[in-house]
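Handing you a structure now.
Order of writing sets the labels: A, B, C and D. Residues in every chain begin at 1.
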Amino acid sequence: MSFSNAVRELSYADALYEATVQEMERDDNVFVFGLGVDDPKGMYGTTKDLHHRFGAKRNFDTPLSEDAMTGVAIGAALAGMRPIHVHQRMDFLLLCMNQLINVAAKWSYMFGGAFRVPLVVRAIVGRSWGQGAQHSQSLHAHFMHVPGIKVVAPTTPHDAKGCMIAAIRDNNPVIVVEHRMLYSNRGMVPSEPYTVEFGKARVLTQGGDLTIVAISHMVVEAVRASHHLAEVGIHAEVIDPVSLSPLDAQTIQTSVQKTRRLLVVDHSWVETSAASEIVALVAESLNGDPGVRFKRMGFAPVPCPTTKPLENLFYPNSRTIAQAGYRLVTNREDWVPEGKEANEIAEFKGPF
Amino acid sequence: MSFSNAVRELSYADALYEATVQEMERDDNVFVFGLGVDDPKGMYGTTKDLHHRFGAKRNFDTPLSEDAMTGVAIGAALAGMRPIHVHQRMDFLLLCMNQLINVAAKWSYMFGGAFRVPLVVRAIVGRSWGQGAQHSQSLHAHFMHVPGIKVVAPTTPHDAKGCMIAAIRDNNPVIVVEHRMLYSNRGMVPSEPYTVEFGKARVLTQGGDLTIVAISHMVVEAVRASHHLAEVGIHAEVIDPVSLSPLDAQTIQTSVQKTRRLLVVDHSWVETSAASEIVALVAESLNGDPGVRFKRMGFAPVPCPTTKPLENLFYPNSRTIAQAGYRLVTNREDWVPEGKEANEIAEFKGPF
Amino acid sequence: MVTKNCTESQLLSELYRGMYRIRFVEERIVKIYHTDKIKSPVHLSIGQEAPSVGVCAALRPTDVVFGTYRGHALYLAKGGDLNRMVAELYGKASGVAKGKAGSMHLADASVLMMGTSAIVATTIPHAVGYALAEKFRGRDTVVAVFFGDGASEEGVLHESANFAALHMLPVLFVCENNFYAIHTPLKSRVPMPNYCARMEAYGIPSRKILRNNVLETAQTAGEMIGQMREGRIGPAFLEIETYRWREHVGPGEDWALGYRSREEAEPWIRGDEVERIGCQLDLDVRTSIDHAVEMEVETAFRLAEEAAFPSDEELLTDVFQ
Amino acid sequence: MVTKNCTESQLLSELYRGMYRIRFVEERIVKIYHTDKIKSPVHLSIGQEAPSVGVCAALRPTDVVFGTYRGHALYLAKGGDLNRMVAELYGKASGVAKGKAGSMHLADASVLMMGTSAIVATTIPHAVGYALAEKFRGRDTVVAVFFGDGASEEGVLHESANFAALHMLPVLFVCENNFYAIHTPLKSRVPMPNYCARMEAYGIPSRKILRNNVLETAQTAGEMIGQMREGRIGPAFLEIETYRWREHVGPGEDWALGYRSREEAEPWIRGDEVERIGCQLDLDVRTSIDHAVEMEVETAFRLAEEAAFPSDEELLTDVFQ
């Protein structure tokens, strides 16, 4: 791997792979494990040949034992290793909540700072091709609620690489939320290792009329929505928090002070969500400052249906986001943007 | 059990016991199980002699297998039973998240309405006597986030009985959050069976200056805070949501429209919490209506420490709540109410 | 059927019919999958028809089953409605679950198939809980739960087995050992694949069926179920060696991936249980079974194609009962 | 110590010293608990000193242990700092964890006691992960993890055992079978208490020590650990029968609760292992051990009483590293 810092176009998946390779080269304590990480499909290519490059001991498959495997990762971390535990579906984390929340998140504090659990949990979020109720959840809110564990949800190849490297180097447990609709996105990525600092949001588009904060794959849809909105003269400031815990309240608050309207588009259900948190944070910070309007969007308040027509309705998309933004700004409902399903969704084919 | 509808004073624990007895008498499908339910201490008396009254098959102990036992409850519910699964500590639910969230919450929807999971999960929240990081969590936010599962947190003996009966009769999974600092609270309870409707908040004190929404044991502290505030001429409207999902947004919104100040006191961490949800709901509903001020309170953003001096600081109490309310109303910090630790906390003694 | 004292040839044709029906449905799915009309993951049972058909032959209609995302075979073997199943795969409103479930979540209370899950091993304790309820009510129902070799690594199996044995519950644990969890072979997952010994440690009578044998499955399951029903044993465990011919998920073959070889598969394919049983039938019997099955399947696919998708309002229904 | 080839009488006095020290500390806790200076749950090991002392006698200082909320005995047996332990129980800033942990969460990297948990069975996989790391680095460390009979019902033990056996990891699983989980006896929790058979199903060599025998524990653990260290076996399992004399949590006796009888306890109390080993020592040896221990313990409690509570700022430190 050459370290002349070229900036090339890479896919999100390749950026994750490159981050992992570079960290494994740098630090012998880094290893990768999880169901299927060394299988022929190599987690969408993100772990493809790590076992060939670094040996089977540093990239290995496991039994179906998510609970114990999380505990194994914690034990290895206590011994000074830096495990990366990969889950094909974030839904499987519900089997690991005890180890993640009762243990990993608490070990540093509970023992008075004497222990550290440098653990990276890669949680891949499913969507499309009938993933259904149990293969499509994005449970970042559960982890944001609990102190002692960090949560990041990079959306660009650049942030994917930088967050992954930062997560690996972090001395604390970090959940990396990766959306499978993002894996084939391409973007400019420096070839050298670098970190993306947690707790710094990115302002993706500038605008004075409306702040849209979006999470994970919804960032992509929100940027599209901003184009729709521009057509009707509404200029949205789209913000990608990148890191959900810690969360960059300041950047969002500054934007809302300017735009006076905040639309938060979550990639999960709305109730008691990251979107709720962001709205509450801003509402508190206004200290009675008048006239700001708020709106949250997210999944329909149901488990995800399998059949395509209902699945389409389940998720926010660029058009429904634009509509909500329009309404927040104008107080009117007289506009429906034209457009079609996003490519990465329409083109995603099974069987997986 | 006589059904002449006398209204007697009962403790919260006895109210739960009475609700369970009455429902077990009414419906043979109701049974209770969980670690220690038939042991000599009988879950603070809430399950004390059920196995004698109804036979060991209807109140039984289990192995330490929270995950499978939750699945067993779901299986029994699918067969038409109405299991009540009791957990001595809500923290143990982190071992059951897969069955509760990937299964119980989704089964009705996922199968197009063909299945029902009438399951009651009693989650006892610990506090005091050095419970520490792993025996003091209140994870209602995790369940509020997910559609398909209800969450109630009654605070009075009256609501404990009514919510328990409603939960047992509900055809859906219901998490009943019970705080152990509430068990010895006494209050008037009708002797006949009755239900408390989910999704209806209670306004406990009337006031025009400030709305305080508090959750679980914090309701008790908030009412005390309202007395402190009254001393300095501030009249707080204290609201107990009782049911967290569904949540009665209307009652809270109506109150805030009047008071223009909302303080939410959660019994958990503040980030991405029930408090966030309530603030977000109200902020959205204001539609830009100017001048409302918001504040959330909850646990300190750390795992719960064991040692008493730090534990005292970890939780909001009537004085810190009153101070926050004062500040929200006056924008000043020049008042510290006098008072001491609440009795139920000060008097709670171990070893448990 | 085993319990019904039918003649051996009747039994054989029933087993054949059950297996051929599954095979033919699955092959039909393979044929149309490329059209993208089924927009959801399908985990086919081609090659693995015997366990479901064998065990279900030993169950009564009043007995209960739980299964997995690889559930077509079990649904059909338990007497499920083929038309509603295919419609479900197509995501149509006439599907078993109005299209909300898809292939991975077939279940149907009318035939007492009480749940399947895309989260591996999750339905195992449901079977135990269902059996608890039935025993509580004094019924002699038996509950069978199907899961893979991979599922047996989840702790919940052990918790479930321990509890079922403790309470002597009539649960037949059926492990379809197809040697792989997705692409991961047994040797990467267990120190030794002695599933029976693991269950015997809970005092659970355990038997292993070699090479996907449907008749032995039916007979062994029948014996175990008989003993359960009489209360002579509590739970029992059946491991059935079987083999998945197609990729883990989807319609294709996957020899090219390299995680297993075509040679390894050869004996399973050569020894195809559907064919092996079919050969033992009179030709005209077999022909008429085949014909009936094929007609039925064609109809089911035609109906599914013609059926309507659920209306938009369906999005918000059914969350609560 | 077993590994250090010391004489039998040296070994006996070490074992005695270890057990008496634990006993004396625990009795001291009983004495002061009513003063409410220890404002947190204590799970005492009175009667259960032998397993920790026996196993730790077979470990090297470079070996690692994980334990449970009933962790005083293990912490002391592994060489933990008595002063810091007592201060921790008192919630003082000089405690092992600055008072943030309390009795249930004793751990101390300086003696390689790498974690305890109030959630039953949670540290079992940590031991496996730690052993994986040590093996990965080519070290010959052995990791012992202590848990109760109740913990063995959690699925995570099985997942952990399977994985440890699969990777031949040097983990000694130590089950302290005291016949109860809180007030629930074995018969309400397992069909048969054959813990060894359960672990042998994973190919894990397993031994059961009867009646709280400290010497046999040390010797058997020593043999197993020796084989592990040489890589001849992977994990091993040791079940040690023992008995809790006091209530599950707290300083009192609990015969009155009725879940177990004083008669049942009688043989355990009469056969007290501390006394049984103490009797085998020369009287002057024993007296000088007793004296030294008692002095040390008095000092620890005095220091803890005098120590300061953590300052308010401590509330917000240590969440992250």
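By our rule, a contact is a pair of C-beta atoms (placed from the backbone, for glycine too) under 8 Å apart; a residue touches a chain by one contact, two chains touch by 3 or more.
Because the structure is predicted, anything quoted here is derived from the model rather than measured.
A.B. asks: Report back the single chain whose CA centre is most distant from the CA centre of chain D.
C.D. replies: Relative to chain D, the chain with the farthest C-alpha centre is C.
A.B. asks: So how far apart, in whole Å, are chain A and chain D when each is placed at the average of its C-alpha atoms?
C.D. replies: Their C-alpha centroids are separated by 42 Å.
A.B. asks: Return the distance between the CA-based centres of chain A and chain C, expressed in whole Å.
C.D. replies: Those two chain centres are 36 Å apart.
A.B. asks: What is the distance in Å between the mean C-alpha positions of chain C and chain D?
C.D. replies: 46
A.B. asks: Going by the touch rule set out above, which residues of chain B reach two or more other chains?
C.D. replies: Residues 62-63, 65, 67-68, 91, 94-95, 98, 102, 109-110, 132-134, 147-148, 301-303, 305.
A.B. asks: Send over the residues of chain C in touch with two or more other chains.
C.D. replies: 95, 99-101, 105, 117, 119, 153-156, 159, 162, 166, 188-190, 318-319, in rising order.
A.B. asks: Using the contact definition from the top, classify how the chains connect: line, ring, star, complete or other.
C.D. replies: complete
A.B. asks: Using the touch definition up top, name the residues of chain B that touch chain C in the complex.
C.D. replies: 31, 57, 62-63, 65, 67-81, 83, 98-99, 102-103, 107-116, 118, 147-148, 171-172
A.B. asks: State the interface residues of chain C toward chain B in the complex, per the touch definition above.
C.D. replies: The contact residues of chain C facing chain B are 64, 66, 95-101, 105, 107-109, 114-115, 117, 119, 122-134, 136, 155-156, 159-160, 162-163, 166, 317-321.
A.B. asks: Which residues of chain B touch chain A once you look at their complex with the stated criterion?
C.D. replies: Residue positions touching the partner: 67, 91, 94-95, 97-98, 101-102, 105-106, 109-110, 132-134, 139, 141-142, 144-148, 245, 247, 260, 268-269, 271-277, 279-284, 286-288, 290-296, 301-303, 305.
A.B. asks: Please name which positions on chain A make contact with chain C in the complex.
C.D. replies: Counting only chain A, the residues touching chain C are 35-36, 39-41, 60-68, 91-92, 94-95, 129-135, 300-303, 305-310, 313-314, 349-352.
A.B. asks: Provide the residue numbers of chain C that touch chain D in the complex, in ascending order.
C.D. replies: The touching residues are 153-159, 162, 165-166, 188-192, 194, 197-198, 200-203, 234.
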